[in-house]
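The structures considered in this document are given below.
Shared chain: chain A. Partners: chain B in the first complex, chain C in the second.
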Partner chain A sequence: MTPEVRAVLARHGAVLDESGFDPRADVARDAWRACAADLHATGARFFDITAIDRGEAVELVLVLVDTPSTQFTLRTSCPNESLRAESLAGVFPPAEWGEREVFDLFGVVFEGNPDMTRILQPDSSTIHPLRRSFELEERTW
Partner chain B sequence: MGVVDDAEQPGFITTTLDKLLRWGRSRSMWPVNAGIACCSLEMMTTGAARYDFDRFGIMFRSSPRQADVMIVPGPITKKMAPIVQRVYNQMAEPRWVIAMGSCAISGGTFVDSYNVLPGAETILPVDIYIPGCPPRPEALLYGCLQLKKLISETSTIGSSRKPMYVPPVLPEEWPLELLGEYDALEAGAVWVQPERDSPPVTPLGDAESAPEDEL
Partner chain C sequence: MVNFPRKGVEGSTETMLLNVGPQHPSTHGVLHMMCEISGETIVSAKPVIGYLHRGIEKLAESRTWQQDIVLTDRLDYVAQFSNEWAYCRAVERLAGIEVPERAEWLRTLLVEMNRITSHLIWYAGVTMDIGALGTPFIYAWVARERIFDFYEAVTGARVMPNWMRLGGVHTDIDSAMLKEMRDFLERDFPVEVDEYEALLVGNEIVQSRMKGIGVFSAEQLVEWGVTGPALRASGSERDLRKDVPYGVYDRLDFRVCTDDVGDSLARCRVRLAEIRESARMCVQIIDGMPGGDVRAKVSRALKPPVGDVCVRTESPRGELGVLVASDGTTKPLRFRVRSPIFYNLSAMPHMLPNHLLADMLVIFGGIDTSMGEIDR
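Entry: the complex of A and B
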C-alpha cells in the first residue's frame, strides 16, 4: 500500500489489519463514501464490491487496487436493523451494478444509487437469497 | 401412397394431404436458435460440420416466426422464463419442444435453487427429453430423429392447433405475459395435449423405438 493510501485510511479512522493475504481496513459506515472518494483521489481503482453476512450485520467489502497494483479491501458493517449505506456509484461508476447485486442478494439499500433495482432476480422477487436467514422452499415433487 | 402408372401422363402420385404434410414437416424441422445455457455449446457442435444437423433438414432459424421446434438447452431461470415462453408463443404452429440436458428435464443440479425452474415442462409442453450433462451430439441427433418420428406419426390437420401454452398453475412470483386476444386463454386453464398416434419417447430407451433409417 502506498503512503497516500495509508494516510487516507488513517484520516478516516480506519482500523488496518495486514495479517492476512490482502490488507484489510475497517471503516465506520458514516465515513464509507468519503473514505472511498479520498482513496479514489489517490489513484486507487475499483475492483469489486460485495458483501458478507455476519449474522448480526452485513459487512460490505469494497476491493480496490492502488497504483502499484496492491489489492486491498475496505470494509464497513451494516447492522441488520438498518441495512443502508451510501452509494459509491458517484465515485466509482462500475460500482452501480455491484451495489445492485448486493441489494439483490443481501438486501442492503444504497442511498444515491441511480437505479436501485434488482439485477439478477426478477423484479417481482421478494427474497434476498444469500442472507443466512434465507431458507429454500421445500421441494414439491 | 401410390404411383399413377400412366404412360401418357407420367409423374403423378396419390397420397393424402395429411401424410404429405407429415412427410414434409418431419424432414424440415427448423429449431429456433435460442441457446439458454451451456448445453447450447453442444447444440452448436451438433450443428457444425462434424455432426452436421443440416443433412436431416434441421436448420437453425434466428427468428421464432420461422421455426417450429424449440430446443431448450439448459436451465431456465425465473427471470428468463417469460422470455422463453414468449419465444415459444411466437413460433409457427404446429410446434414442438425438446428438453435438452438434465437442467431442462428436471432442473438438474439447480433443482433446489431459488432462481431456477425445476424443468422446462414447468412452462412448456415438452415432447422429447434428452438426458445428459450435457448430452453428446449423438444423443441430440438421436433425440431429433425421435422427434422426426413423432412428427411423422402425428396428425396436424384439424383440431391440433396449439394456442398459447398456459401452465396449469400460473406463477405469481415470475408472471408470464399474455400476448393479445388470441392468446388470452383463461388464466390457469389446463392445456390439453393433442392426441397422438404414439406417446412421447425418450432417447436411449429400448432398442425397438430406435429410428429405422438414416443413422
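Entry: the complex of A and C
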C-alpha cells in the first residue's frame, strides 16, 4: 500500500485492517464517494466493485490496485433498511456496470449512477437473488 | 424497456436506432448491441447483456467448495482452465492449502495451451466478422483440434474438463503424452501460426479494414477498465503473469507481448504474438517439469476459515478476479467472478461513437468477448 493511499484513507477516517490477505479499509457510508475520488487521484486503478451479504447489511467491496503488484479493498456497509450508497460511476467509469450488477443482484441503489437499471436479469424481474434470504427452490425434475 | 436515450446530432436529420443481435451471426453469443446511427456513423451505443445469465454465482452458494469447480468451466467456456485455476487459487489461498510442485507446473502448462486455443477462437471469429468466411476459421480449427485431443487425453473431456481440484489436479500427464505435446508445439504448431499470421495481418483486405481503426491510448483504456491483450496493444506492459507471478511463471523465460500503435491491427498482432509466446512457454514447462505428487490431501468437507480473499489472474481476455468469502462452513458465502470481458464490454459506449457501423465488429473483435463469462 502506497503512502499516498494511506494518507487518503486516514483523512477519511477509514479503519485499516492489514491482518488479512490484502489490506482492507472500512469507511463510513458518507465518506464512500469522496474517499474513492481521492483514491482515484492517487492513481489507484479500478479492479472490481461487488457486495457480500452479511445478513443485517450488505457490505460493498471496491477492489483497487495501487501498484501493479498490490491491491486493497475499500468497504462500506449498507444496512437492510437503507440499501443505498453514492455512485462511483463519475469517479471510475467501469463502476457504472459493476454498480448495476450489485443493484440487480443485491438491491443496493446507487444514487447518481446514470443508468440504475437491471443488467443481468430481465427488467421485469422483481427479485434480488444474491441476497442470502432468497432461497433456491428444490429441483423438481 | 431498455434505457437508451438518443443523443441526436445537431444540424442533422433524425438519428436511427439499429439493434444488432441478440441473434446475429457476428456477436459471438447472445449479445444485443443497440446502436444509434446517423447515416453510417455510430452516434452512441449500448450493449445489452444478460441473455445467458444462469445464476452461477448463486448456484455456487448451494454447493460445497469442491463442487463449485465444475461451474467455473461454464463461465468463460473457451478459457476453461483459466477459470478453474482462478477459483482454485482463491480457495487454496483462503484455506491455506499447499499445492504440490508438479501440480503447479501441470496447471501452468494446460492454462498456456488454453490461452492458445482461446486466441484461436478469437482468430476464427474476428476473421469471420470482417468477411473472410470459412478459410481462416477452418484453418484455426486444425491446430485447435490437435490441442483439444490433448485435453481429451488428459482430462477426459474436450470442452468442459473439470480437471483441477483444490490442492492440485485430477490426473497426471505421463511422459509419452508430454513428449507428444512438445513435438507438436515445437515442430508443427509454429508452422501453422505462420500461416494464420499470413492470412490475417498479411492480408490486404484485413489491413485496410483494421489499420488505424479504433485507436485508443493506454491511459484511456485503463480509465475505462479495459485489461488484457486489448490494453497491451496500446503499449501497456500490464500482465499479471509478470506483475504478480503465480504458478511457475516466475521460473519461465517469456516476454509480455505489446504493441505501441493501439489500433485494431495491433490488437491482432499482440494476440498472434501471445500464441507464439505461449507455445514457447509450454515447451519450457515440459522441459522443466519436476516429478512428484499432483494432488494434496484436502478434506471433502473443507471448511475454510472465516474471511474473504480476492485473487487476480491473467486469463486470455484480461484480468480475471475471483473473490471468495467463507463463513466457516462447507459452502461458500459468496463466489464472485470479476470478469475481464464484462468490464471490457462496458467500455464499448466510449469506444464506438464516431466510428462507422461496419467498424463496430472490428473494434468489438478487438476485445474478444465470450458471453458465458459476461452473463455468468
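Rule of thumb we're sticking to: the second predicted complex is superposed on the first by the 133 of 141 C-alpha atoms of A that agree within 3 Å, B and C clash if a C-alpha of one lies under 4 Å from a C-alpha of the other, contacts with A are read in each partner's own complex, and residues count from 1 in each chain.
The criterion applied here is as follows: a contact is a pair of C-beta atoms (placed from the backbone, for glycine too) under 8 Å apart; a residue touches a chain by one contact, two chains touch by 3 or more.
A quick note: this is a predicted structure, and the numbers were derived from the prediction, not measured.
Of the two partner chains placed around the shared chain by superposition, chain B and chain C are both touched by A:120. By the touch criterion stated above, A:20 is placed in contact with chain C alone, chain B being left untouched.
Residue contacts after overlaying the shared chain place A:97 against chain C, while chain B stays out of touching range. After overlaying the two complexes on the shared chain, residue contacts for A:136 are found with chain B and with chain C alike. With both structures placed on the common chain, the touch criterion links A:46 to chain C but leaves chain B unconnected. Of the two partner chains placed by superposition, A:32 touches none, neither chain B nor chain C.
Of the two partner chains placed by the overlay, only chain C lies in contact with A:69; chain B stays clear of it. Set against each other, chain B and chain C touch different numbers of residues in chain A, with C touching more. In the superposition on chain A, A:110 makes contact with neither chain B nor chain C. Within chain A, the residues touching chain B in one complex and chain C in the other are 120-122, 129, 134, 136. For chain A in complex with chain B, the touching residues are 120-122, 124-127, 129, 134, 136-137, 139, 141. Within the complex formed with chain A, the chain B residues making contact are 78-79, 111-115, 118, 172-175.
On the chain C side of its complex with chain A, the touching residues are 1-3, 49-50, 53, 55, 57-59, 61-62, 93-94, 222-225, 238, 243-244, 307-310, 312, 319, 321, 323, 325, 333-334, 336, 338, 342-343, 346-347, 350, 375-376.
The touching residues of chain A, counted against chain C in their complex, run 20-22, 45-48, 50, 52-53, 61, 63, 65, 68-69, 71, 73, 92-94, 96-98, 105, 115, 117-123, 129-130, 132, 134, 136.
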